[in-house]
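Note that subunit A is present in both complexes that follow, paired respectively with subunit B and with subunit C.
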Partner chain A sequence: MTAPVSTIASAPTAVDGERLVTPGVQPPRFKRPRRRGGFTPYALLVPTLIALAAITFWPLLQLIIISFQEFGRAQVFGAPAPFVGFDNYAAVLADPTYWAVMGRSVAFCVVLVVVTMLAGTLVALLMTRLNAFFRVLLSVGLLLAWAMPALTATIVWGWMFDTSYGVVNFMLTNGLGLDFAQHSWLVEPLSFFFVAGLVIVWGAVPFVAFTIYAGLTQVPEEVLEAAQLDGAGAFQRFRLIIFPYLRSVFLVVTILQVIWDLKVFTQIFALQNIGGVRELTSTLGVYIYQNSLGTGEYGTGGAIAVLTVIFMLAISFLYVRQVVKEEEL
Partner chain B sequence: MRKLSSATRVVALGAVAAVALAGCSAGGNEGTESGSAEIRVWLVGTDTPEEARDLLKETFEEENPGSTLVIEEQSWTGLVDLLTTSLSGSDSPDIVEVGNTQAAAFTSAGAFLDLTEHYEDLGGDDLLPGFVEAGTYEDTFYAAPLYSGSRLVFYKKDALEAAGLSVPTSLEEYISNAEELAAANPGKSGLWWPGQDWYNALPFIWENGGEIAVADGEEWDAQFSSDESIAGLEQVQQLMTTASLAPKDGNETNPQVGYCEGTTLQLSAPSWVKWSILAPADAEAPGCPEEEANLGVYALPGADGGAAQVFAGGSNVAISANSENPELALEALKIILGDEFQTIYGENGLVPAKLSLAETLGTDEVAQASTAAAGNARLTPASPKWADVEAAGLLQDFFVKIAQGGDIPSLAEQLDADIEGILNG
Partner chain C sequence: MAVLAPAPGLRKTDARRAHYTEDQVSLPRMLLRMAAGLVVLVVFLLPYAIMFFGSVKTKAQIRSVDPTYFPTEWHWENYVTMWSTPETPLVQNLISTIVISVFATLLVLAVALPAAYYTARFRFPGRMVFLFLVIVTQMLQPAVLTSGLFRQFLALDLIDTWAAMILVNAAFNLSFAVWIMHSFFAGIPKEVDEAAQIDGASRLTVLFRISLPLVWPGIVTAIVFTFVACWNEFAASLVILSTAGNQPLAVALTKFVGQYETSWHYVFGVSIVAIIPVVVLFMLIEKRLVGGLTTGSVK
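Then we have the complex of A and B:
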């Protein structure tokens, strides 16, 4: 409990310092160099940086080192790990499986993001129309879906789609009279990704819906009313008023979804244990796991992971740049 | 100097106390080395009967007063990953069970304690030779046998009788039996065989004269695409597609569900599945004890009669190189390999780790079938990297595709290339 107290105690000095320095001393000039409150802000960043260094940068550094080494199971148990330069990277980039996994992950990610954003936006819009009772009911439902651990959710969904005893096959066969007895949902890759996508979107919609709903409450009512008086339909109002107001919210949520969906692991990994062909259904996260922990090739797995990190960083860069832009406006 | 000042007295007292405490703590340290400690034993799956677990815990705690032994049950799924991370960490379990085909991955990596000098104490040449070999790396003995269990075929006696069939005496008859059972009972599996279950496919390859992989000098040459292997794989595909209604991409867990439901007429599984089938109806994983009289079992017949060459499943047991109490762990390991503990395996239809205990298997049907199967059991290639082939899921993927009716020669070519990539990589 000491850390927060000390943070609070030192916080006012920063603000005071800023107030003293910035408006008073600086003459209003174009393109003035910004001067902030001296050393204090950096001191305040130190605890965060230490935490980040310990839990993010240190493992990342280890990962990068391993990716340049020959690192197998023997090295895990203490054998020396020789450096092999870019051998691991060359092996990965020359492996057609890697490119297949990459392509599959990106395609799957695009579909997931589009579906999640659409469903999330529609649910958010629905929440603005509902009365208090149903809004609370819907919120609770969304929260429960959100709170459900991904592994638990996947196993329950896996049971529902079970080949022999699943409720989905039962309903389709006995309810609708279709021939779905003993139908395996996971054996065909497209069908596998349909089920996996369902589980992932189901888990991701609540976050999108809540965030966009929060944004929707900030759109001024009078603007919408004026547009309605001018004869704008519901879709036009969304396209011309709501969307521009929430542009930054949409952008940030979309980029977060892209990053999360690209590195999806739990749902795919758990479904592969239930059924399907691993080789045809592995995405980046699972592929890294299979290479490092599965076959004990930590060096190769590390190289794939580092390549993925670079890819994610490029996407995150868009996100950070957008955030910075918003702040400068 | 008669009268010490009170301050001096306090100092003196403190010094005495410090010396006394130091003595205590030294004693305490000795205690953790040979006396009181907690030994963690990892057993995998439900193969080891409850009776044996209780015996191990009670005997150990009785023989080593002050120490405790905790058994933690792990799952076979993802075991290689789990052991890699946990054995290399500071919080390593002391004793671990590992699948016999997985042992080499750890003996070669230095994950286990060298047991060579205790070989005689643990049973010596009485230990199952194939499993001693699996637990030995470069002439150093790391992992002792725990138990062995070959797969047996369980069947419904009434279904076989109703179809006018009898227990098969050759592999060919086994195949035709399963197909006839399936044909006579629409909607039921003449032989329940989910696509991921590759262990059951190996006998078909071996009985046709094929191999998994053969050592060619330093290199491994995978053999799934040899003519002999392909002949066996065709029989596998025939059975999977015509006799089995099990999910083509399913795994072999919970075979008792279909059996008790009545949709599985035959299944090939480890001997302890008998207890899953006969589990009480209100157990956590319920079985159907009322089927006991109707439950038949036989060893898979070979191509020329007799027992087929089946996969010698089973486990090894080893002490972690990172164990904090290796001496106590060794005591526990001696109990595990003791006659009393091993006899319980025998009584439950698993082949004990010692040759001299073979007769504990008893004389019931399961025991007879187990003995017959064990006599002809074979192992997977003796490469430290074989565990990686299993962990990569190559064989599961391959047989799922076979079950779907995939083209055997081209799939086998690809599998051979993938296996060689790992074994020689």
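Then we have the complex of A and C:
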């Protein structure tokens, strides 16, 4: 550590609880903050980098190698895997199914991210406006949804949308008088994606709401009060004050949502098992699974997985550059 | 720029709870907000209601042809019998889940906190590359990672140990924790740190006494995220932990799902019990979620 031990003894006088106070008689010791941290930042990042290498880059490397090989079931049991150059990639890119899946995934992802971010932000803003009791109650509710495993959540939502005895059909038929008796929600692709989207957004909103709420607590009250006195409406306060303050939090959360929604697997997979038409409802995450573990064509599956990662990298790159730029202003 | 003491008469707790809510909120408005809160709450708890009603039915009631939502008889004994089923040693599963999740979360915090602080505070070459790499970890499916992990831990002779799963869970969540805390550290005005340093505080003092209290909400978010992720981790546990007693609840749950019939009442009952420790942890640290108090720190 770079910190000299001697200064710690004098520090408490400069800190009172969580606030800073001007120290009494102590002459201020000027210590220019160093622009660069020497070796320390690197040293602190070493464990994270080792973890990254072990759980991501090593498997990713293997995935890339397999994507250039003919790797079927025989190779899983030890047969040599011949390199086939870009054959797997050529086959995937020439397959209209891949493009259909890709288009479907991107469209689904865009809708999911927009809805999740909007709903999450609204819930976070609502939390700042509730009294302590209701806020804790709401946070526990959000936490419960967050902590429910995706598979369990999908099964339970699947029950609610069940054709013959789901509570949704029951309510729509008996409560609102609509003709939803024996209505199948999962056969029609659009309706399938509505249910899938509901399950995914339901599970994703708590994380977004918590993170943004945590960020909202950092927005200085005085600035908001001043803006209100100057006649700024709620929407203006959000756009002109809250959003700029939380820009980096919003960027992080959005990019994570984009990645998670593009690779979404469990919910789609489980709903297809309950009763969706696979050919019309597969998204990238499920498609990779179908083309590797499903068919045993690990080379092809690997190529699709690598293409997906490249696609996500391209999107993330633009975002990360944005984050770094914002902070350097 | 001046560093301020708390305004006289403003108690810390007031500031914490008040946020930026207007002091005088009309009653209908407050009721409207509470109603909105309740609606959100109901939407998020709906699946739990279904699970709860399922958990107090018998196997036969769940599988009946004309199912009712409310149980006709309440079989509370399901919550007792589920601890001693032939399918899985649930008590050991619970202990295993707690040990793995707690230690993995502590490990993540110990490593990620300083890393997040330094990446947010120092300009050093390769910073953007690091943040970019962190995001890449989120891009791969767990299923893609597990076979490689199995071989790594086989080589380390750590297969079927808690240590292996603590390391795996920590590794899975480390990059995310760095990333999210980074964005909160980056949100503190640099002037706060610099002011403290000018006042003679060391770099470590600044981190623990000044920056840390301001980013508590970010830390809580990272803790909850990590803990929940560890608690529900499934793919790697399935491959690495082979002894039934070592396996976490997420894996134990699948034992109730049989090839021919499923004990849904136990699946739901265990799912509900499994959530309790997560809620307890959250209640313990919830106050910190509103602890970020940059108010008045810079003027």
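Everything below uses one rule, namely that the second predicted complex is superposed on the first by the 270 of 329 C-alpha atoms of A that agree within 3 Å, B and C clash if a C-alpha of one lies under 4 Å from a C-alpha of the other, contacts with A are read in each partner's own complex, and residues count from 1 in each chain.
As a working rule, contacts are C-beta pairs under 8 Å (C-beta built on N, C-alpha and C of every residue); 3 or more make two chains touch, one makes a residue touch a chain.
Computed from a prediction, not measured in an experiment: that's the story for all the values here.
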| In the superposed arrangement, which partner chain does A:Leu60 touch: subunit B (first), subunit C (second), both, or neither? | second
| said: Quick one: is A:Val111 in contact with subunit B, with subunit C, with both, or with neither? Answer first, second, both or neither. | reply: neither
| task | Answer with first, second, both or neither: which of subunit B and subunit C does A:Leu293 touch in the superposed model? | result | both
| task | Once the structures are superposed on A, label A:Thr163 by its partner contacts, choosing first (subunit B), second (subunit C), both or neither. | result | first
| said: Quick check for you: in the superposed arrangement, does A:Pro206 touch first (subunit B), second (subunit C), both or neither? | reply: second
| If touched residues of subunit A are counted for subunit B and for subunit C, the larger one | C
| message | By the touch definition at the top of the document, which applies to A:Leu172: first (subunit B), second (subunit C), both, or neither? | response | neither
| field | subunit B versus subunit C as contact partner of A:Arg73, first or second or both or neither | value | first
| said: Quick check for you: in the superposed arrangement, does A:Leu186 touch first (subunit B), second (subunit C), both or neither? | reply: first
| said: From the superposed pair, tell me which subunit A residues show up as contacts to subunit B and also as contacts to subunit C. | reply: 165, 293
| field | subunit C residues touching subunit A - in the complex, by the definition given at the top | value | 2-6, 12, 15, 17-22, 30, 33-34, 36-37, 40-41, 43-48, 50-51, 66-67, 69, 111-112, 114-115, 118-124, 127-128, 130-141, 143-145, 148-149, 152, 168, 170-172, 174-175, 178-180, 183-184, 186-188, 192-205, 209-210, 213-214, 217-218, 220-221, 224-225, 228, 231-232, 234, 250, 253, 267, 271, 275, 278-279, 282-283, 286, 289-297
| said: Considering only the defined contacts, which subunit A positions touch subunit C in the complex? | reply: 1-4, 7-8, 10-12, 14-23, 26, 28-31, 33, 35-37, 40-42, 44-45, 47-49, 51-52, 54-60, 62-63, 123, 126, 128-132, 134, 136-149, 151-153, 156-157, 159-160, 165, 167, 202, 205-207, 210-211, 213-222, 224-225, 228, 245-246, 248-249, 251-252, 255-256, 259-260, 263, 265, 285, 288-289, 293, 305, 308-309, 312-313, 316-317, 320-321, 323-324, 327-328
| query | Within the complex, which stretch of subunit A touches subunit B? | reply | 72-74, 76-79, 163-165, 182, 184, 186-187, 272-280, 290, 293-297
| field | subunit A contact footprint on subunit B (complex, rising order) | value | 77, 80-81, 84-85, 87-88, 105-106, 108-111, 195-196, 245-251, 257-258, 263, 321, 388, 391-393, 396-397, 400-401, 404, 422, 425
